[in-house]
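In the two complexes that follow, subunit A is the common piece, with subunit B as its partner first and subunit C second.
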Partner chain A sequence: MKLAQYIAARLGVYVVVLFMGITITFFLPRLMPSDPIENYIAQLQNQAGQTLSEAEVMQLRATLAELYGLEGSLFTQYINHLKRIFLTFDFGPSFASFPRPVSEFIWVALPWTLGLLTTTTFIAWSLGNFIGLLAGFFHNNRLATALEVVGVLIYPIPYYILALVFILVLAYIFPVFPLSTTIRPGPLTWSKIQMIATNSALPALTLITAGFGWNILSMKSLAYATKEEPYVTFARLKGVPPRKIMISYVFRNALLPQVTALALSIGMIFNGALLTEILFSYPGLGLLMRTAVGSGDYNMLYGTITMSIMAVATAALVIDLLYPLFDPRIRYK
Partner chain B sequence: MSQPGKYLRIIIFGLLMLLLAACQTPTEAGLSPAGAAGGQEQSDQQGTLTDVGTPRHETLVVQTFDRKSANPDQMNPLMQYAHWRGFRELGWGFLWETDTGTGESYPELAADMPEVLNPEHTRFRIKLKEGIYWSDGVEFTTDDIIYTLDTYFNEREKLTNANVNRIVNYIKSYQAIDRYTFEVETVNPSYDLHTVMGVYTWGSAFIPVPKHIFEKQPDVSQFRNTYPVTLGPYVVKEFDPNGFWQLWERREDWERSAWGWMGEPKPKYVLYKDFGPEETRVLAFVQNQYDVDTFMSPDSIKAAQERNPYITTFSDKMPYHNMDDACSYGVLMNQHKPPLDKAEVRWALALSLDLKEVGINALSGEFKASPLPMVDTRILRPIYFEPLIPWLQEFTLPDGYKPFDPNFAADLVARLAESGVPAEELPQGEEAISEAFGIGWWKYDPAEAERLLNSVGITKNADGVYTLPDGSVWELELVIPGDWNKVMQRVGFSIADSWRKAGIQVNARQVDNAEFSKVQNTNALLTTILNWTNCIFTPNYLNSWHSISLENLKAADATEPIVGNQYRWNNATVDALIKESKAMDQSDPKFRENGRAILQEFVKDMAYINIMNIPTTIPTNEYYWTNFPKQDNYYAVPYTWWSSFKEIVVNIEPTGRR
Partner chain C sequence: MNSILRLKRDWFSLFLPSRGTQRRGLKLNLRLRLGLAILAVLVVASFTLPFFSDVDPMQQGTYAKNLPPSWEHLLGTNSQGQDIFWFLVFAMRNSLLLGVAVSFCVTVIATLVGLSAGYIGGWYERVVMLLTDSFIIIPVFPILIVLGALFRGRASFWLVGMILVIFGWAWGARTVRSMALSIREREFINMARFSGANTMQIILWEVFPYVYAYMVVGFINAILYAINTEAALAVIGLSNLEVPTLGSIIFWALNYNAMFIGQYTWIVAPVIATVLLFLGLFLTSTGYNELYAAKRGHS
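For the complex of A and B:
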C-alpha cells in the first residue's frame, strides 16, 4: 500500500510538471524579442533583387499571420495550443519550413539525440562508477590512483575544448574519424549501422570522456567512505571474500547517490546535445532548437522544448519508480 | 594479478576494442564515409572518393551558404526555402540571367530581351528558346510559363515563396501566343521586366515549374517536389535527410538544359555540404575535403593557407577578398528619435568614427571603404562614384567644413605597411590603391564632431562624456549581430569603441539573428543598428531605394513594422527623384543622373553612415579544381550562390589529381 502511494505521488508530480512545462514553453518564446514573420520578410529583403514593394510586404504579413495561426488573442492561441498537444500531440507547422509539421522534424531528430546521448551518458556513468569503485576500494593501488588522476585532470576541462582536442588529434593529425558527420540515406542495414557507429564514434568518445570524470571522483569518495563503515569491517572480519564485500557491501550502498546523479545527468542530455551537434555536425534536437531560436520559429521551439520536458520528466519518473528496487527502505517504508 | 589490475585491464581492453570497431575502414564497412584521409576514401580505380561515394576528382565540393538545411526535402520553388544548395544555380532555369562580370542581363530561357509592344511600356512579347528540355525529357514551352503564372495567381494565398506576391502585383494579364511565344501586360509602366521575371543579382521572382509534374498534384502548396525535374544541367542525386549535404549530378543531356549553350559544366557532381563550425571547416579545407568556402574569417584563411599551399584567396594582394557583393555594411539610424533627428548629430557620428582603426582591428585592414551609400564595385564605380569624386572633395557642411578625406586609402596602406604587411602584398600606385581600398571616406575628426554636437546643445561633461541639452548623459544603443555573424560583430564592437573614445556613451547590444531582423523592421525598436543593406549590384538602384518615400515614414516610436524606407528618411527631393526614376528607362542617362543626385542627398543629410563593401571571403582550394574566378582571372564574381556559379562550373578545370 505504501509502495502504491509512492508510485501515485510520483505520477501526480509527473503530470503537474508536464502541464507547467508546456504552459511555460508556450509563453516563453513569445517573450523573445523576435518575430517569425519579420524574420522571414527580412530574409527576403536581404536577398538582393527580391525587394518587395510596400503593398506586397503588407500583403505577405497578413498572409503569413493567417497561415501561421498567429491571429487572435494570446489566450485563444494558448487554448488552441493545449488542445492540439493534449488531444492530437500536434505542435502545428514549422514557421521557418512552412507547412511541414513540427512533429515530423522532431521524429527525425529525436532518435539521433536520444541514441547518442543516452548511450554515452550510461556508458560514462557505468565506466566512471566502476573505475571510481576500484579507485575507492583499492585506494592504495597505483593503477587505481592513476585512473583517478585521469578523472581529476579531465573533469575540469570545458567540453568545448575537450571536443576540439579530440577533433584535432583523432580527425586531423591522425585522421581515423571523420571531421563531420555524413550519413547517407537508405534502409537500416548492417552497413548503415556501421556507418552510423563510425560517424558517432568521435562525438561519443568525447561525451564519454567528458562525462566519466565526475563519476570517478564521486564514486571513489563514496566507496572509500563506505568501506570504512562498521558493517563492512564486520564482514571483512567474518571472512567474506573481498569481491563480495566490494560488490554487495560497498557498491550497493554507494550506488544510491549515483543513481540520483544519473537522473540529473539525464536531465542535462538536451543541454549537451546542442554543443555536440554543432561541433560534430550531428543531427538532433539541439540543432533544431538552435535554428528555431534563430528564426523565431515558435512552434518548433514549443515542439522541441516540450519533447525535452517530456523526456526528462519521464526519465526522472522511471528513475523514481526504480528506486524501490535499489533501496529497500523505500520498498518497506 | 591483483584484483584492481585485473578489472582495469579488462576495461582498457574493452575500450580498445570499441575504438578499433569505430575505426573500421570504409571498405570493410562496405561504404564510403569517414575513415582514411579524414572523411575520404582511397580507391585504386577511381582515386579518392568523397564521403558520399563519388570520385573526388569528378566532384566539386562546396561549403553550403545557408549551413545546415532546416527542410532538406522541400524542393518546391513555389514555397519558401528551395533556393540554396544549388537549386538557384544548378536546378532552376530563368527567363533572363545576370552576367555578374558586367551587371548586364542576358537571355537564358528567353530567346531575346523582352519586346516592348506599346509606348506606355506595359505590354511585352517574350519568345522562348526552342530545344530546351526538362530533365525528364519533356520539352519546355509556353505551356509551362502559363501554367506557372496561373498557379501564382490562383494559389497565391497558399504559396509561401514571397516572390509570388511580387509577380501577381506586377503582372496584369498574360497569354500564350504560340508554343514558344507569350505576352504579358504589367500593372504599371515597366522598365525592369527582365529583372523581375528574370534574375536581378541573386534570384528571380519568377521560377517556371514543369506543368506536366505540378498539374497532377492535388495541392501544389503541399507538394515537396523532392528530387525535382529541373531545367538546369544538374539533378539532385542524393541528399541528407538531416540537411547537412546535397549531391547534384550532371544530366546526360546537359546540352538541352536551360544553359547548356554556355558549354559543358565540368564537374560531373557538385556536392554542397556543411562542414560544421569554422573550427572544423578549416581542418576539412586543409585536408582537401572541399574546394570552395563561403565567408571564412580572414584569420582562419591565413591558418589554412599556412598548412596547405593549394588554398588561395581572391587576390594575393590586400585586401585579398572579393568586394563585389551587392550589399554594404553601414549604420542605420532612427532619424525620428532625438538627437538622431538632427543632421549635425548624424555627421558627428560619422566624423567620430575612426574607420581605419575599425578596419584594422576588426578585419586586419582587409576591407574597402565607401563613403556613398552604395557598394564601390567595378560595375558601379564608373557610373556613380567617379563622377561624384570632385563633388565629394568640394562638399562642405553648413559650417564650411570639408568632411571628405580623399587620402583615406593611401593613409591606410601606409599604416598597414608600418604594421608589417609585406610591400608586395600591398597595392602600388594611386589607382590600384583606390581600387583596392576605395575612393576615400570621411575624416576622423572628433574636434569637428564636437563642434557639430555643441551647435545643437550636446556638450561634454566633466567626465568627457556627451550630455544632451537637458543635462542627461546621451546614451546611444548600437545593435550588432552576435556570434552568428562574427565579422559584423567585430566591426560593430570596433565602431562602438571608436565612438566611446570620442566621448559618446555607446551600448553595443549583441542580438540573435531573429531579434536583429525585428529591430531592423520594427520602427520603435531602432536607435542605431549595424546593418548590411542598400543592396545594389547593377546600375538599377530602384530595387533597393524604391521604398524611400514620405508615405512610408512613421513616428519615432511607432510600434508597427516598417514598410520600406528603413532609413526613416524624410527628404522631399529624394521622394520626387525616386518617383521620377520609376517611370524611366534604366539605360536613360537621366536615370543614372537621378541616382547620383540621390547619393548627394544621402551625403548632405548623412541619412545612412555607409561604411564598407561586404568583404566576401571565399577562399578556394585548388588541389582538385583550378581556374576559379580571381582578381587576375575575373570572368565572374566568385560566389557559389549567385548566377556566377553557372560560369564557374563551366570554366573550372580538373587538375588531374585523384
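For the complex of A and C:
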C-alpha cells in the first residue's frame, strides 16, 4: 500500500513539474520587452534590403500571430499552448527552415542527447561511487587518499573549462580526436558505429570527468560514516570477510542517498550536457538550441526547451520509481 | 527565560569558532587554509589592481596587436589590441562581484524559504516544497539560453544576475528545510514557544543558529554557481559580452581563434585563472564544512 502511495505522490510531482516548466516557458518570453514577431519582421526587412509596404507588414503580422498562437487573450493563448503541447506534441513550424515542423528536428536530435547523457551519467556515477567506496572504506590507504585528492581537484572545474582543456590537449596539440563532430547520415553500419564512437569520445570524456568527482566525494563520506555503524563492527567481529563487508554491508546502505542525489542532479547534468554539445558541435538538443538562438528561431527554442524539461523530469521520475528496488524499506519522506 | 537570554546573543560571534576551538589555537585544516590563501590572493589582486590602471580594458586597439608576453604586457596583447593581463584582472573582479551579489540574495531567499517551510509545516510546506522541487528539476540552462536569445546581448550585467537569483535558490532551500525539520522537534523550541516567542523570533533566534554553518558553505557554493553559470552563458555568447568577465574573455579568445593563431596566453590564462578561483572557493567551502563538523564532533 505504501508503495502505491509513493508512486502516486511521485507521479503527482512529475505532472506538477511538467506543468510548471511549460508555464514558465510560456510566460517568460511574454514578460520580456522584445516581441518575436516584430523581431522577425525587422529581420525580414533587413534581408529584403528594403522596407515592405504597410499592408504587407500588417498581413505578415497577422499570419505570424496565428502561426505562433499569439491571438486572443493571454489566457486563451495559454490554454491553446497547453493543448497543443500535451495533446499533439506540436511546437509549430521552424523559422529557419520554414515549412518543416519543429518536432521533426527534435526527434532527430533527442537520441543523440539522451544517448550521450545516459552513457556518461551511468559511467560517471558507477566509477565515482566505486572510487568513493574504496576511498571511504580504506581511508588510511595512500592510494585511496590520492584518488580522493584527484576528485577534489577535478570536481569544482566547470564543464566548459574541461571541454576547452580537452579540445586544446586531445584535439589540437595531440590530435587524437576530431576537433568537432562530423557525423554523416547513412545506414547504421559497423563503420558508422565506429565513426559515432570516435566523435562522441571527447564530449563523453568531458562529461564523465566533470561528473564523477562529486560522486567520489559524497560516496567517500557516506562510506566512511557507514563503516562506523555498530552493525558493521559486529560483522567484522563475527569474522565476515572484508570484501563482503564492503559490498554487502557498507556499499548497499551508502548507495541509497546516492540514488536520490542522482535523481535530483539530473537537471544539472543535463545543463552540462547541453553546454558540452554546443562546444563540441554535437548534434543534440543543445546544438539545436544554440543554432535556434543564432537564427532567431523562436518556435525551435520553445520546442527544445519544453523537450528538455520533459526529458529531465522523466529521467528524474524513472530514477525515483526505481528507488524502491534499491531500498526494500521504501523510506518515503 | 532561556530564550530571552538567547535573544541577546551577539550574531557576529556565531561566525567564529567556539571557545574550545580557539583554545586549541584555531586549528584550521589544510583545505581551508589552502582555499583561503588562493581566494585572498585573487580577491586582493583583482580589487586593488584596477586602481592602478587608467585604461579601460575593453577599449580596443590601445596597444599593438598580438604582442608576446613581456614586462610591459605580462600576458601579451590579444587580436583586439587589449592587454590580456588587465582584461583578466577586471574580469576576475566583475565575476567575483556578480558571484557575491547573486550568492547573497540566493542565500537569504533559500534560508527564509527553507526555514519557514521546515518550521511551519502543513500545507504551506507542501506547496513551497513542490515549487522548490520543480525549480530543482527544471533545467536552468535552456531557460537562460532562451532569455539570452530574447535579450540578444542587450541584457545588463545585473539583469543576468537577477535571473541567476530567480533560478538558484531552490537547492539551498531544500537543504535548509531538512535541517529545520529535525531542529523543530527539539525541546528548546517548545521552551521558546511557551515563553511567548512568535514564529519569526523562533526561526531567527532559535533555529537559525543551527543552520548558519551550513549557510556559510551554501553561500560559497552559490558564488560558484553564479560565476559558473554566467561564464557558461558568456562562453557561448549569450551573456553581456561588453563587460569583462571570466566567461567573456574566453568567448573573445575562442571567437578570434586564439588557439590557432598561437595566442596561447589569451586562452590558457583565463582557463587557469578560472580553475584557480573555483578550486579556492571549493576548498574553502569543504574546509569550512570540515571545521564545523569537527567542532560538532562528527568527524
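To be clear about the criterion, the second predicted complex is superposed on the first by the 275 of 333 C-alpha atoms of A that agree within 3 Å, B and C clash if a C-alpha of one lies under 4 Å from a C-alpha of the other, contacts with A are read in each partner's own complex, and residues count from 1 in each chain.
Here is the rule we use: contacts are C-beta pairs under 8 Å (C-beta built on N, C-alpha and C of every residue); 3 or more make two chains touch, one makes a residue touch a chain.
Small disclaimer: the values here were computed from a predicted structure and weren't measured.
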Checklist entry - In the superposed arrangement, which partner chain does A:301 touch: subunit B (first), subunit C (second), both, or neither? => result second
Checklist entry - If you stack the two complexes on chain A, which partner ends up touching A:149: first (subunit B), second (subunit C), both, or neither? => result neither
Checklist entry - Touch check for A:293: first (subunit B), second (subunit C), both, or neither? => result both
Checklist entry - Does the superposition put A:278 against subunit B (first), subunit C (second), both, or neither? => result both
Checklist entry - So, A:191: does it touch subunit B (first), subunit C (second), both, or neither? => result first
Checklist entry - After superposition on the shared chain, which partner residues are touched by A:127: those of subunit B (first), subunit C (second), both, or neither? => result first
Checklist entry - If you stack the two complexes on chain A, which partner ends up touching A:24: first (subunit B), second (subunit C), both, or neither? => result second
Item to check | Touched partner set for A:172, first subunit B, second subunit C, both or neither | outcome: both
Checklist entry - So which one touches more of the residues on subunit A, subunit B or subunit C? => result B
Checklist entry - In the superposed arrangement, which partner chain does A:38 touch: subunit B (first), subunit C (second), both, or neither? => result first
Checklist entry - In the superposed view, which residues of subunit A touch subunit B and also subunit C? => result 32, 34, 164, 168, 172, 278-279, 293, 296
Item to check | subunit B contact footprint on subunit A (complex, rising order) | outcome: 32-36, 38-61, 63-64, 67, 94, 96-100, 105, 108-109, 112, 127, 130-131, 134, 137-138, 141, 143-144, 147, 164, 167-168, 171-172, 175-185, 191-192, 194-195, 197-199, 201-202, 205, 242-243, 246, 278-281, 283, 287, 291, 293-296
Checklist entry - Taking the complex as given, what residues does subunit C use to touch subunit A? => result 31, 130-131, 133-134, 136-143, 145-152, 224, 228, 231-232, 235-236, 238, 250, 254, 259, 267-268, 271, 274-275, 278-279, 281-283, 286
Checklist outcome for this item: subunit B residues touching subunit A in their complex are 2-5, 7-8, 11, 19, 21-24, 26, 29-39, 51-53, 68, 70-71, 74, 79-81, 83, 157-158, 160, 162-163, 165-166, 169, 195, 199-205, 221-222, 238-245, 273-277, 279-280, 283-284, 286-287, 289, 326-327, 484, 511-522, 525, 532-533, 535-537, 543-544, 546-547, 551-552, 561, 563-564
Checklist outcome for this item: In their shared complex, subunit C is touched by residues of subunit A numbered 13, 16-17, 20-21, 24-25, 28-29, 32, 34, 152-153, 155-161, 164-165, 168, 172, 217, 264, 266-268, 270-271, 274-275, 278-279, 289-290, 292-293, 296, 298, 301-302, 304-305, 308-309, 312-313, 316
